[in-house]
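Next up, some structures in structure tokens.
Below are two complexes that have subunit A in common, paired first with subunit B and then with subunit C.
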Partner chain A sequence: MPIDWRIAIPLLLGVAALFAVPLWFGNFGVYLVMQMMLLTLFAIGFNLLLGYTGLLSFGQAGFFAVGAYVCALILQQAPSLLLGVAGGIVAAGLTALVLGYLSVKLTEIYFSMLTLSFGMMIYSLVWRWREVTGGDDGLTDIPRAPLTLPGIRIDLSELSHYYYFVLLATLIAVWLMHRIVKSPLGLTFQAIRDSAVRAEFVGIPIRRFRLLAFVIAGLYAGLAGALLAPLERTITPGYAHWTASAEPILASLIGGLYVFAGPIIGAVLFIGIKEIVVRLTDHWMLVMGVVVIVIVLGFRGGVLGTLLRWTGRDAEGKS
Partner chain B sequence: MTALLSATGLVKSFHGMRAVDHVDMEIPEGRVTGIIGPNGAGKTTLVHLLTGHLMAEAGRIEFDGADITALPAYARVRRNLCRTFQIVDIFTRLSVFQNVQIARITRHGRNWRFFMPAAGEAAGEVEVALKEVGLWELRHRQADQLSHGQQRRLDLAVTLATGPRLCFLDEPTSGVSPHERDQMLELIKLLAKAHRTTFVVIEHDMEVVFGLCEWITVMHRGKILAEGKPDAIRDNRAVREVYLGEEV
Partner chain C sequence: MENYLYQGLIGLTYSMYLWLLAAGLTIAFGILNILNFSHGSLFMLGAYFAFTLYGVFGINFWLAVLLSALGVALVGAVMERFLFRRIYQLELPFQLLLTYGLVLVLDDIVKIIWGGAFLVPPIPPLLDGAVPLFGRPFPIYNLFILAVGALVGILLWIVFDKTWWGRMARAAAWNREMGATLGMNVPRVFTFVFMFAAALAALGGALGIPMRPVSPGLGIAMIVQAFIVTVIGGLGNLRGAFVGAIVVGMLTAYSTMLFPLFELFLPYVVMAAVLMLRPQGLLGGR
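Then we have the complex of A and B:
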């Protein structure tokens, strides 16, 4: 396929800028960009469910928290970052498999409410299971363990070192998600989104594919959570709360559900706006609420979706 | 001749009302069948049962020599039993091309492929299918941008792209202009020959049924009232009383 330079050049510049972030900015800037990357991972997984498969989950924070806690627990026992992150992803994926199996029996608002309930079950579990999760104290002193591969050991205790690990993980995960949505599997998800009945009558077992989308979304939430644990070094039950499930929803809505990069732009805007507003007022939720209302009402299809429409580009075709 | 599809003793009730009441039906291969009947006669419910959109409370359905009574709809599609719906049902946000493509991808069992781009998958087959229904020029258009008549044709192309041996068309001309209706009928006749697909047409429109079908089944209050060739149905006294009235 020919390379579209109008996409490739900004993309390359953006990636180059991301690699330069620790050179230009201090720890705070680096930390902020990492927050954006983690929300990006969380949101593109979520949007595979909503924008591509048509399922609105209110329980994604549960899988995020499973990833974070399992990664933290592993790192406290065995100082290997890859082991911790892999463990977090797998645990979140397995949780999503079990809860998804039950959830995809329903659709629409019933599905949303069931995922909300399951998410809050995870929250209660994290809150109550004090011996393992530390209860409301959470887990503290999570080591930012080194990256160990056979013959290699890279120290990541410096924030800027850890940044590059998160950046690589994000780039790989975003690239992989892009492959998925453009593949026959991605087309299958979109067919189910547009009409589940029609999809069944072209021969698609829709529940299995909804479950698969749910598991992939869970894996991405788990990855985001697992990467968060060594970043913050402290995690608390708040990450599992349903209000945390709203963040990927808002990021996707702000950026645009039906454009691949929508949730990415949305994640950057969400974290950016929050960071600015928090300095000006204690009521940042109020301001964020207004921003979301303006975007949802004024920019149908999100910021990116609207920009593409203004510039006359097909919202579906852009990566 | 053994039937391609045979149903015995099908029952389905809604709120205690028998919508389909012990219906037996045989559909031989290659004969265009029409199912007619007044509103609420149970025509659409019967098709829902035969295609797996609804499950029957009692009865048995055999298709191509196998018992499919308990199979879900998607599994029946895979065994080459497909349908359209009364209201156009297409993948609105997908392009015209992708609408047919997803049916071909599913036919080939390639839905699970997640790494290679879908863009070129089954492209040749999609081209043939879209040219058949005259939508190739509009292939890049998003499906919800088509006119109603075009959407009807796309709906048909998607259904046929699943490769059915038996295909139910539920009011294939509802909501289209008289001109488009005639085009649609010609198209159905053409496709029946080209694909060797056996069509069963559920219709309100008498002109459509008598112009298209070689065999007609008349339903009334959940039961089959009469079956036969169009001329015999036209002359059937019971049918005239409940359905055709004085028009014929």
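Then we have the complex of A and C:
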């Protein structure tokens, strides 16, 4: 495939800038960019489900929380970051496999309601299972454990060191997701989104592929959650609540559901706008609500989709 | 034994609030075909209106409740006319997201006007006090709520099954184009239906103020309850909403008493079970 320099050059510059963030900004800037990266992971996973496969889940925060809590519990026992993060991802993926198997039998609003109820089950469980999860106090003093591999031990207790770990994980995960959506698998997902009936007619086992998308989305949510635990060092049941499931949805909507980079741009804008608005007024939700309403009424392609249309290009075969 | 019966009455009272809340949600879904996340926020708005009129301005409680329902119906009219009407043709995710955007907007507007504190007005003097039932004092106000719930049930049944207006609304829901061809003003019918749904939510919210503190989190807390109830009964099914409300109210009351650890968890289990086994709901036919 020929390299499109109009995309490659800004991309390389962007990645270079990300590596330079800790050199330019203090801890707060680093923290903010990390939040953007975590929401990016959460949102691209979610959007594989909505933008590419056509399923709107309202329970993704459940998988995020599973990733966060399992990672935190592992880190409190065994100080190895890789072990914690891997554990969080696997736990979230397994949870998504079970709940997804039950969920993908339904579509449309029934799917959304079922995932909402599963997410809220996880929330209630985290809230009430005090001996393990700490109940509404959450888990505190989660260590930012060192990165240990055979023969190597990298200390990550400094925020800027941990930043590079999160950056690498994000770059790899985004690259993988890009590979997925551009592969025949990604096209299969889109075929199911555009017409489940036709997809089934050409022999695609749609439930199995919907489940696959669901599990991948769960893995990404789990990864985001697992990376969050050592960052915040305190996690509470609120991360599992359905209102937290709305965050990747809003990020994807803002950036554009039908463009690969949509949820990424959306995540950056979501965190960025929030930061600015919170400094100026208390009314962050009002601003966000108005933004959502305006996008739904007039700019359903999101920021990127709208820009692409203005420049005369189409977005993933769906506008 | 008496304890169980008493707890049943407590559960039934809660069921009636859920019924008032879910009735409007399921009517709006059944006729406009939009699942409205901001329905809980309308409930909350009804509570704030009633608190202001009754608790702050000292207007007669009944008048305050009535005015709150009317006021929220007007808010509903504006919402339907300027927002919902533009999204009937859109795909599901966009419809849901618009109503979620309204949740954010209404929550913050409430905070701007009334602040973030918990507000509790006094119980209206006429309904203060309790009567002994099953060996314990049962608040008269709860008995009154039970009566209102039953009354609203009968009223809705008459409106939608027996009146010309209700038939027109159902006809418009069944086939919008056909309704319009037959000379119905379908957009106006939809506006009235939504105002009606909003007024029901507000009625629930307004009647709840003596029992439950009014705060900005109320809308988000209630909408999930409303989803559970309407899903159990069948989305868009009015009688189903009544049954769902009884199920959830009872489940909450008895699990609080018997195994409080699972009180939060159980309603979601029932909701998920219904969706998996009978997605059209307990009373939905297919």
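In this section, the second predicted complex is superposed on the first by the 316 of 319 C-alpha atoms of A that agree within 3 Å, B and C clash if a C-alpha of one lies under 4 Å from a C-alpha of the other, contacts with A are read in each partner's own complex, and residues count from 1 in each chain.
Going forward, contacts are C-beta pairs under 8 Å (C-beta built on N, C-alpha and C of every residue); 3 or more make two chains touch, one makes a residue touch a chain.
These numbers come from a predicted model, not from an experiment.
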Subunit B versus subunit C as contact partner of A:S183, first or second or both or neither: first
Partner chain(s) touched by A:M285 [first = subunit B, second = subunit C, both, neither]: second
Partner chain in contact with A:E200 - subunit B first, subunit C second, else both or neither: first
Touching partner for A:I249 - first (subunit B), second (subunit C), both, neither: second
Superposed model, subunit A: greater residue contact from subunit B or subunit C: C
Touching partner for A:L304 - first (subunit B), second (subunit C), both, neither: neither
Partner chain(s) touched by A:F209 [first = subunit B, second = subunit C, both, neither]: first
Subunit A partner contacts - residues on subunit C that touch it in the complex: 35, 83, 86-87, 90, 92-94, 96-98, 100-109, 111-112, 220, 224, 227-228, 231, 235, 261-262, 264-265, 268-269, 271-272, 275-276, 279
Of all residues in subunit B, those that touch subunit A in their complex: 51, 53, 72-75, 77-78, 82-83, 85, 89-95, 98, 101-103, 105-107, 110-119, 121, 142, 158-159, 161-162
Complex contact set, residues of subunit A against subunit C: 50, 56, 102, 105-106, 108-110, 112-114, 116-118, 120-121, 123-125, 127-128, 242-243, 246, 249-250, 253, 257, 282-286, 288-293, 296-297, 300
Subunit A to subunit B touching residues, read off their complex: 1, 179-180, 182-188, 190-191, 193-195, 197-206, 209, 258, 316
